[in-house]
Amino acid sequence: MTQRPTPGTPTGEVLLDCRNVSLAFGSVQALIDVSLTLRPGEITALVGDNGAGKSTLVRCISGVHRPDSGHIYFDGAEIAFHSPEDAREAGIETVHQNLALVEDLTVWQNLFLNREIVRRLGPLAFLNRRAMQARSREMVSTLAVNVPAVGSRVRRLSGGQRQAVAICRATGFSSKLVIMDEPTAALGVQETARVEELIVRLRDEGHAVLIISHNFAQVMRLSHQVWVMRAGRCVGGRRTAETTGEEIVALVTGALAT
Amino acid sequence: MTQRPTPGTPTGEVLLDCRNVSLAFGSVQALIDVSLTLRPGEITALVGDNGAGKSTLVRCISGVHRPDSGHIYFDGAEIAFHSPEDAREAGIETVHQNLALVEDLTVWQNLFLNREIVRRLGPLAFLNRRAMQARSREMVSTLAVNVPAVGSRVRRLSGGQRQAVAICRATGFSSKLVIMDEPTAALGVQETARVEELIVRLRDEGHAVLIISHNFAQVMRLSHQVWVMRAGRCVGGRRTAETTGEEIVALVTGALAT
Amino acid sequence: MANTTLTAGEGQAWPARLKDASFWAEWAALVGLIVLVIVFQALNPTFLSMGNISSMLVAAAILIILAVGQTFVIATAGIDLSIASVMTLGAVVFGQAYAAGLGLAPACLLAVLGAGAAGALNGLIIAWGRIADFIVTLGMLSAASGLALILSDGKPVTIIDPKLLKLSTGGVGIFGWSFVIAVVVAVAAHVALFHTRFGTHLFATGGAPESATAMGISTRRIKLAVYLISGLLAGLSAILLVARIGAAEPAANTAFLLNSVAAVVLGGVSLFGGRGTVIGPFFGALLLVALVNGLTLLGVSQFYQPLAVGIVVVLAALLMRFQQ
Amino acid sequence: MANTTLTAGEGQAWPARLKDASFWAEWAALVGLIVLVIVFQALNPTFLSMGNISSMLVAAAILIILAVGQTFVIATAGIDLSIASVMTLGAVVFGQAYAAGLGLAPACLLAVLGAGAAGALNGLIIAWGRIADFIVTLGMLSAASGLALILSDGKPVTIIDPKLLKLSTGGVGIFGWSFVIAVVVAVAAHVALFHTRFGTHLFATGGAPESATAMGISTRRIKLAVYLISGLLAGLSAILLVARIGAAEPAANTAFLLNSVAAVVLGGVSLFGGRGTVIGPFFGALLLVALVNGLTLLGVSQFYQPLAVGIVVVLAALLMRFQQ
Amino acid sequence: YGSGLPAGSAAATGERAAAAPRIAAVIKGLDNPFFQTMKQGIDDQARAARATVTVQAANSITDTTGQADKLNSLSGQDFSCYVVNPISGTNLIQGLARLSAMNKAIVNIDSPVDPQAAKSAEVKLATYIGTDNTEAGKMAGQRMTQLLPSGGKVASVGGIAGDVTSGARLGGFQQGIGPNLKIVQTVAANWDRQTALTAATDVMQAQPDLAGFFVANDDMGLGVARAVANAGKAGKVKVISVDGIKDALEAVKAGTLDGTVAQYPYVIGVMGIEACQAATSGKTLPSHVKAPVEVVTKDNADKALAATPKPFGAYSDPIKNLIK
């Protein structure tokens, strides 16, 4: 086991604990011995250059990929998700960088994908479209400014509207950990502000939030703890209160060795 | 013709002049009487909420859509592009928000898409792969930090790596106007800095640059002129030197009427 | 106003819908059918006689059921090339079971189960072996017809059963029983696609498999399910086929394969998956049957019929474009 | 090191390539072919006799050329269902022209032009009418065979021409002329796909039509071109077919359609477009021909052959999975 | 050489090459019992002659090139005599030319090789044994005239449009009917029972006063009879077909079919093997041998059924005498 990078001052129990996670795609070593932790009620940021492996790590946590080696502990137990379904069951919701929307389905169908509300009729279960549409309208209106009709297909939405839909979906269902991979990249000022409010609210409600962002101002503003990745490795962690934007940048670029 | 919004202090000739451009998708009015201008040797920013119509306007200028009504003048002459080919011929290169990359082609094939270097053998023309690969390596290395091998397929690149490829493509060929639709949304700090340098260099070389961004700090830092869109309309324009971030935000949100 | 500009969707008004390309794609088959009916009726008044309508509907029943099965598969961006030969296999299983004296109901059950098993095998290999749908079902096309030949020893079994005869000749009013069954199947399929979780997951699997997976949908199970459904429906068709011709034969039935896909595509379902209706393929199947019926009624020479069919199929598809 | 982690691609070393899934997809047909050859040779030594190899290669020629045409179309995410019946049309045009005393060369030219025209019509309707490839070429499948029946009045024309006979029986060493022609076609296709702008634009059209359009590629012209090529190659196949069977017949040739697509898919070309090779479909076609040849040599009973073909086709496709 | 032989037969070949030839047979289709019966005849006679025989069949009755490939596969092996039943007049020409060049004996059964093509390709046929299809059609026409003494309208149902055998039968029927009968429509039903059923239903709608159907084979004939029964016109609309398969004989007995012109594929198969025996022992065969044909009606159906697959009447077998 490699030396674990500076873990920051521990405050309270650990919700997610990655230990020496490695993953290769063919000859591409996307993750090399990545170890990091995060705590409930905190916002944890994950930063790093393009191609550093952030999204790949997220996909390991949310069950899309399975690490080649290493262990991931969630809520006390080791997890071996066989599918994203397992991760969602366990209480991990994710906004993927590619959004993971189905373009040909409507906004409300995407919001409730694999979480559909049904009405039971004996052994049969039929979709309760009305209920889902009504709930969807609520969910979307908290976040988006130019509210897309929940009945329109995602294919017709603008870049930011799509991102808003993906965020609504991840936060609209109770979960222990919400992971957001560059959630505000395509968002306008107002939407960004609302998403940041939402993140803070999630934290206040006791959820853990893991956010990936290239916007260091945002990272410094929101997070309690920052982990830095470089070229597939987790090269350091800091309590946000105890670091500066400059230090993080230096870690990201490799100007500062750990 | 509607009242044209404040055009900012004119300095020198106009390169692109949109007059009363409108476009509807079925029942969705995406652009309503949009009028704006931009000048060579200047960086023009276009801002607005999600779904305001920015990308749609860009697609009209670059020949992807044809406006329902209105006129677009480029370099003195009215343009009626029948295809993006025409726009590229006329000297307009675009980084689309969706990047417009072909996932199954390699980086160098994407960079030279429809601009391939060929070697003539009598009436036949064969691809000069070597030349394109070599040029591609140069182009990419100026921009990306984790340089992807130019022979790897775009499908395997991270979000930021893709964006870097799309930007390289748009700036690698001589053109009069470079349009960038949220070019740094997915980029890391270092890459963002490089793209901003690149934009400034383009300007210095006398190109016009139209940049769409939700990052107002960036807009204030780079641009000479800002146009604001709201709900399909162009609701105002300012010389950057004569405005503040707050005023722009107010225009975007509608707190400040034009 | 962006808010009002985005009210497309559920509550959409009719005039707006008529401008919508996808609306026409979905209803093109019906429009084409209506045009065809008008033309044929003008040329030969027997076309819309009760007798002829009734026989067209019965003739269409098998194709409708196969097209519904094919719709499930195509909506997941797959294709079932084995659908017709699995039907043949089902028919042969039926014939052998019946000839062995098992009785009508067990024979029917075995036919459906046998065809369903072939479908499930398709699904298993496609989902777990991750091999292209086209290749797996092409293999099954060959394997199922081989199995049918082996089981039947290449010989047809004549089946004379009063209940089966009733199935093929009786009915309510002008609607023969087999057509009634086809309608029931279509309605059930519509409900499954648009009013159950399964349906939503199916379209998600077809439209964006990676997104569906990321949302925890088991695309494998969906793939397995659609091929199973397609197989079961091929088995049901087999029963109707045996009832119709009064024999279980190991015949190739290739025409049913191409026609089932044609009905689906004419019905506006994209071969790239993720979208689709049941009503479209339903009318697509009727269109194809009415076309051949009309041409025969008009006495169009056998040499000119394929040309006419080809032209009308393309014209029907063009309809959805020009109506915009 | 991220830099070193991304060196996949052009300069890739062989061991790394062997781990790459797409490598196996492309070469599965060849691997399958080799396995098949080993098995058949072990069971029956006649299999690798010069005479049998030679006759297999000649038998494969037509399928190879059709598969190459189909590859162009499939790489753009289309499909040409009319390829076999356009070949039939070409053969009939050839027969009629020859019977009318036009001479061999003009008859060949007319056959290729006629088939090319049918292909171009496909392309025009698909690109400008924006109708699904499947429906247009299905329509053409029907229309072309109708036209072939009409032109020939349903009768085959026997063609006796010493040059044509040479084409079908002569050759260099064990390589019959028709196989040599097929190889030339395959090489030319490979160059067109991988060493010309057209090829790059074709893959872009298939893989991401919207991106291709945004980069100024006329996807319509590309579509037109691939269907034209497919038609022209069907015309060329028609000449080889006439030479092979010594007559121009209005027969359906459906087997060629499914086999041409099967060869392409076994060759690792995705039906969703955007990728592909020529070498894959080439070996895919050889695999299919060798399979039937071997089974016949072994005297596998006629009833068991379709079953065996089905199983081997799926196994060959599985190869590309298990080799990873 | 000869290492591909089944164990034990090599020695036998050496000793009694003349008496026990090694025979390869390539016949038409798998899915029609007609060819099952043919194979039975081939196998029975081969057993009686203590000859070894390999029977291969095309995948379907339309698979012209597939059949050619099978013949080519077999032609490289050490058979002394080849029995062929080509799908079309010319599709096997190339392989046959090769066999002739190697001086192998070729016996043509059922469907004739195009004589002109055979001549030009220097194919030497030992003999042709088969039904005179025009004659068979004529007999059906005469029978129809008997059944409908007061005349009326009749329709013809053929195999695949353009098929030579089907064309000959339809032409013969035209010659056989008296002046009072008028053929009002001819349709093509692809040798398929279901297609024939649908087509006949449509024709009856178009021609309400139709009095009879002539159908080119029994499989389709049974479908047409079913259509007639479904339309409630049993007995009013006469149906006559060709082949004499068991199910058809039973239908004639039951009265659902008004007659069949029985061919004897069993006898054709037997005579094919006999011809091989004669040819390989150096005998000269008559160039044409007519296979027996009998009209089966309700009166003699019992006799026919009892004798099937052999003819119930006497027939001449000129070949038998040669091998005694």
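Which chain is which? They are A, B, C, D and E, in the order written, and residues in each are numbered from 1.
Basically, a contact is a pair of C-beta atoms (placed from the backbone, for glycine too) under 8 Å apart; a residue touches a chain by one contact, two chains touch by 3 or more.
This is a predicted model, so every value here is computed, not measured.
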Can you list every chain in contact with both chain A and chain D? B, C
Going by average Cα coordinates, which chain is farthest removed from chain C? B
What whole-Å value do you get for the distance between chain B and chain E if each is reduced to the mean of its CA atoms? 73
Averaged-CA centre spacing for the pair chain C and chain A, given as whole angstrom: 43
Intercentroid distance (Cα basis), chain E paired with chain C, Å: 35
Averaging C-alpha coordinates per chain, one finds the centres of chain B and chain C separated by a number of Å equal to 47
Do you know which chain E residues sit against two or more other chains? 30, 60, 161-162
In chain D, which residues are in touch with two or more of the other chains? 2-3, 6-8, 12, 149, 154, 254, 302-303, 305-306
Give the residues of chain B touching no fewer than two other chains, as numbers and ranges. 28, 49, 51-52, 98, 146, 148, 156, 231
Parts of chain C lying in touch with chain A, wherever the complex brings them together: 2-3, 6-12, 191, 194-197, 199-201, 203-204, 207-208, 210-218, 274-275
Provide the residue numbers of chain B that touch chain A in the complex, in ascending order. 25, 28, 48-52, 55, 97-98, 144-146, 148, 156-161, 163-164, 182, 185-192, 214-216, 231, 249, 252-253
Flag every residue of chain C that touches chain E in the complex, lowest number first. 44, 46, 49, 51-52, 55, 59, 145, 149, 153-156, 158, 168-169, 241, 244-247, 249-255, 292-293, 296-299, 301-303, 305-306
For a test of understanding, state which residues of chain E touch chain D in their complex under the given definition. 3-4, 30, 54-57, 59-60, 62-66, 68-70, 72-77, 88-94, 97-98, 114, 116-117, 120-121, 160-162, 164, 167
Note: in the complex, chain B contacts chain D through residues 62-64, 83-89, 94, 96, 98-106, 109, 113-114, 116, 118, 124-127, 129, 133, 146-153, 156
